[in-house]
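Report on one structure; see the data block that follows.
We call the chains A, B, C and D, going by the order they appear; numbering starts again at 1 in every chain.
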Amino acid sequence: MITQRRTLLATGAALLATPRVVRAQAETFRIGALNPVTGAGSPYGSGMQRAILAAVEAINAAGGANGRRIEVFSEDTQTSPQAAVLAAKKLIEVNRVRAILGTWSSGVSLAVIPLTNDADILLMHTSGAPALSTPPANAKNLGYRFQATNDRFGRAFAEIAVREGFRRPATMAFNNASGIGNTEGFRRAWAAKGNRNGEHVVYEPNQPSYRAELLRVMNTRPDVIVMGSFLPDTTIILREWFQMGVPMKWIIPGWAANPQLVQALGPAVTEGIISVDSVSNEGSPAFAAYDAAYRRATNRPGLDNVYAAMTWDMAHTLALAIEQAKSFETAAINAAIRQVANPPGEAVPGFAEGKAAIAAGRKVNYEGASSVLDFDEFGDVTPDFGVFFIERGQINRRYVVKI
Amino acid sequence: MSLLIRDVSRSFGGFRALDRVSLEMPADGLLGVIGPNGAGKSTLFSVVSGFIPADAGTVSLDGRTLDRLGPAARARLGLVRTFQVPREFHHLTVRENLMAAAPGQSGENLLGLFFRPGRVAAEEALTAAAAQDVMDFLRLAPVAGLPAGRLSGGQKKLLELGRALMAKPRLILLDEPFAGVNAVLVQEIAARITELNARGIGFLIIEHDLQALSRLVPRLAVMDRGRVLAAGAPAEVLADARVREAYLGGVVA
Amino acid sequence: MLGQLFVAGVVHGLVIGLAALAVTLVFGIARFPNAAAGDTMTLGAYAGFAAHGATGSLAVAGGASVLAAAAASLAGYLLVFRPLARRPVAALLVAAIGVAFLIRAGLGLAFGHQQRVYQVPLAWPIEVMGLRISPMDLTLAGVALAALAVAFLVLYATPIGRQMRAVADDPDLARVSGIRPFRVMVALWLLAGAAAGIAGMMLGIKTVVSPEMGWESLLPAFAAAILGGIGSPVGAVAAGLVLGIAQEVSTPVVGFTYKIALAFAVLLAVLLVRPRGLFGRVEAVR
Amino acid sequence: MEAYLAAIGIIAAVYVLLTLGLTLQYGLTGLVNFGHVGFFALGAYASALLAMQGVPLPVSFAAAAAVAAIAAWPLGLVALRLREDYFAVVTLGFGETVRLAITSERWLTNGVQGIPGIPRLFGGVGIEAALATLAAIALACAVAALMLRRIARSPFGRVIEAIRDNEEALKALGKDPARFKLQVMMLGSALAGLAGAFYAHYIAYLSPDQFVPLVTFYAWMAMIMGGVGRVSGAVVGAALLMLFLEGTRFLRDLLPGLVSEVEMASLRLGAVGLALVLFTLFRPQGLMGDYTRR
């Protein structure tokens, strides 16, 4: 009796919450786009949301997943766990979404994943915190990480530092989970290679000047500074550094050392910066499709927002898994994700191609826009890392590092 | 048993508001202080009641020095002041204004409030009765339930006096009790003061209204430019040449 | 090292000082801490950014940021703070927070949340007495000093400025001496807005422009205004400089996280010793 | 749906507790506390850290209230000598300092990485646990509201309202405002600390970026909309706040394509600002009336 009333209530509310246009149509597969549109993640959040919408548009244009159109309900996490929890509850309880895509900061993902676990639905996120790989957070193996863990990034940085012949690296980290995760991952890996670590500075966001921080790290005369940073603070720090007139090499994560940074600071300042990112397959057809869609949606190049490429891949992976599973049940979809994303199989760049291949009975391997997108037993991607050098305002890939 | 003010000085910036002022009165006496604007009367009150520290000199009550005590502590010793511009608690009713002034209520202690509700209730009844007495005495009973902010200027003056009475005073410092009050009410207030004084409560009164004050008090002190010019019976003081020159000029001729 | 930090602190301090000037004028004359001052700065930064993008001229950008911030400041006075003039300080404070949110929301709608960066030429530093100083810092210091010169000229050499200071000293006295409060208030809000606008533009050039940037500078500006003594323009600027320099120079001691809390610590320490601020007069208890 | 409503109810109740604290401090006593979020954070971390050491939840909740109250003591001693506007700025700074301390003291709080896996009330995330949590926090709100009513109608309440109306006059009558204000600061902060404990064990994950000044201003907004100095106002105001914060989600679902999520966020902030301005201008007594209408 109680259950019945609950269903009734929920249906009523869902109807209320559903646009009239959609109500008249056939049943859809509902997903939530839960992104950091405002707050600290705001430089990326709206792009992530638009990439999901664009990907779903492409998927629906190709006939939908397993015959159903995908319907997106978008929400803002405000990069705040409290707002994210309420938004996730609303997506799950009112909109009755079957997967949540695109939580960004580790704090938000850690707060949301108990809810998705409890509702028995998938969570696809771009957070770096290692805790998200294992129980209790990922107790049901329903969480998928589309971003390399901070620790892996750090290890990649260390490989690159060795390969470039640096001997005395210093580190600077934005004071949040991701920034510190990157630099500490680096320091651990660097020490494990039998090297000594230099000065380590953790700085606060939104400072008008980072002179003191820069002087501190430079005091030890490092030959490279490894950053765990984001775009705004990197912009300020590099500008300040340049005006100090001390030559320096930099290794910076790709989400900070990106075309926007070059545009903001110009070629002179950014010359020689080493930018590291999980191989985001610019050459790949998936990236080209994403790039075109992202440009249409935002008028910006796709490289601007690595997280948008990840959310693009989330929608594609999910849709392909539904197609593969021939089911809308979470367990079946979950079982199909590694089948469609990991090798072996025919490399496919998009949903339409994958759908055709599955229909033809072939095993597919989706090669994403953000990485080749293969998941390990924890649901983490294990991408290779592209090493880019900024030269005369161009960001050129020199080589790839495998961890 | 007296209030003793000895050689009190106080400056603001370069301005000497009080210059070695000395006054003495019995604690149950009745002393008036007059003087032109800027003579230092209000500053004297603030110093005596502890709101402004003196630069030099000393104030004592019954031989006990008050100089280190704050205004609240002085009030608890029985030295309670009123203000020239009434400072009623404007959102509280007249009754609440009076009850708030009663000293030593155990309901003002959070522990007492929650753990000894019976005792608090009993005390409240007593306090309410005392407030009723004061309202009856000052003819404020008809406005007992009115927010104090809505009273007339004269009623607020009465309320100031009433609150001072609730605080169990020995000596009340009255700051211009007649200012802005109509003639009928002046008589009324003066009569109450006389009656209270007869019951043993002392008054130190600052006033502009020379006529009303000289009828009310047996002793007057005259201040000018931070000094006490003269003190004594009203008739004597008013006859003093220096006083006539400094304060009265040609006004009361 | 200390010298370098000192130089960094000076420019930072000038930004805080200008913001504190805006805060202290309103605090001293309209008698409440204007929490909208930070977002008025942000508005100035965006206006300057738009003008700079269109013309490439820092002078035009400065003019735009002054105009936009002064206009917003005046609008805030006429629409919100003037009707509230006789109300408790808390009402004004809360309304100021509301105005701040409104400005930020408007900027978010107009410009989005992406960071914006002033495209200013960057150059290697020049060496002055052994200190490496970037030309941009020199330019910004020049802009700040020019803005301060104009502000102080208005305050100390014009009739309206004298009237403003008179009201700040003693509102009652000013009223009886025939000062027309409305004109003074209009001038006050325009001047405060203009100072905030310039501060916002400087901050925008030093850092990046985003809707939250001004709000985050509010606390140091408040601290400097109180430290300098409410209503004292000279005190506000001096205290801004002291805070800016102290924040940079103390960093090796207190660390990089707590340097933000330094403004608060200094403020608390000063208020403990001098509850009316460093330069403030002792007001008589009436 | 029920779980969603329960979630909204729980968060709303957290704001009721926060707002009741402000009602005591500002509404009754006139203290402009802009650092409420600092005490909220202290309570949240205190309870979470204790619970993760295996301390039983009732004890950790009590500790949360106690820690917040104790933290209010030195702040009160220092800041209560100041004018109300200085007090506002100093408390604002206090709130930020607490957040910075949580960020920096990683040995205790795990810094920006945050604390995941905080034990939940009534063990779990199911609807039954959510309803039980809602019942528990509603009970806490009711107790707090009754306590505040008792205080407001007592001699203590008379004195603190007298402080709000005229502190100097109260001194002249022999009462020490500082003693009362200190108690009010501590009691209001204890309520914020308790709110923090409920919050911590409901969200189950704490990080410093959850404790930004906006939380303080949400509580202020709830108090002002509901009615300053009224216990019923705190409840109505918090309910309105949640209706307003959550209602905007549905507004967007009903009007798809009209506003993007970015614009919605700005509109939401703008609406908060507009509500604050309009209420202070045109309805300063809030919806339930304030202390001027008894």
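Quick note on the criterion: contacts are C-beta pairs under 8 Å (C-beta built on N, C-alpha and C of every residue); 3 or more make two chains touch, one makes a residue touch a chain.
If you're wondering where the values come from, they're calculated on a predicted model, not measured in any experiment.
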{"item": "Chains touching both subunit B and subunit C, listed by label", "value": "D"}
{"item": "Chain located farthest away, centre of subunit D as origin (C-alpha)", "value": "B"}
{"item": "Chain nearest the overall C-alpha centroid of the shown protein atoms", "value": "D"}
{"item": "A-C against C-D, pair bridged by the larger set of C-beta contacts", "value": "C-D"}
{"item": "Approximate Å spacing (C-alpha centroids) for the pair subunit A, subunit C", "value": "38"}
{"item": "Centre-of-Cα separation between subunit B and subunit A, whole angstrom", "value": "74"}
{"item": "Whole-Å gap between the CA centroids of subunit C and subunit D", "value": "30"}
{"item": "Interchain centroid distance [CA atoms averaged], subunit A/subunit D, Å", "value": "34"}
{"item": "For subunit C, residues that touch 2 or more chains besides their own", "value": "108, 112-113, 257, 260, 285"}
{"item": "Overlap residues in subunit B, where contacts from two or more other chains coincide", "value": "51"}
{"item": "For subunit A, residues contacting two or more additional chains", "value": "37-38, 42, 45-46, 175, 204"}
{"item": "Of all residues in subunit A, those that touch subunit C in their complex", "value": "37-38, 42-43, 45-46, 175, 201-204, 206-209, 211-213, 215-216, 219, 231-232, 235-236, 239, 242-245, 260, 263-266, 268-269"}
{"item": "Subunit D to subunit A touching residues, read off their complex", "value": "1-4, 7-8, 11, 100, 103, 111-114, 116-117, 124-126, 199, 203-205, 207, 209-210, 212, 245-246, 249-250, 253-254, 256, 260-262, 264-266"}
{"item": "In the complex with subunit C, residue positions of subunit D that touch it", "value": "26, 30, 32, 34, 78, 81-86, 88-90, 92-94, 96-97, 100-101, 103-104, 168, 217, 220, 224, 262-263, 265-277, 280-281, 284"}
{"item": "Parts of subunit A lying in touch with subunit D, wherever the complex brings them together", "value": "6, 9-10, 13-14, 16-19, 35, 37-40, 42, 45-46, 49, 73-76, 78-82, 85-87, 89-90, 92-95, 106-107, 110-111, 114-115, 117-118, 129, 131, 136-137, 175-177, 180-181, 204"}
{"item": "Subunit A-facing residues of subunit C, complex", "value": "1, 4-5, 7-9, 11-12, 15, 108, 112-115, 117, 119, 122-125, 132, 134-137, 203, 206-208, 210, 212-213, 216-217, 248, 251-252, 256-257, 259-260"}
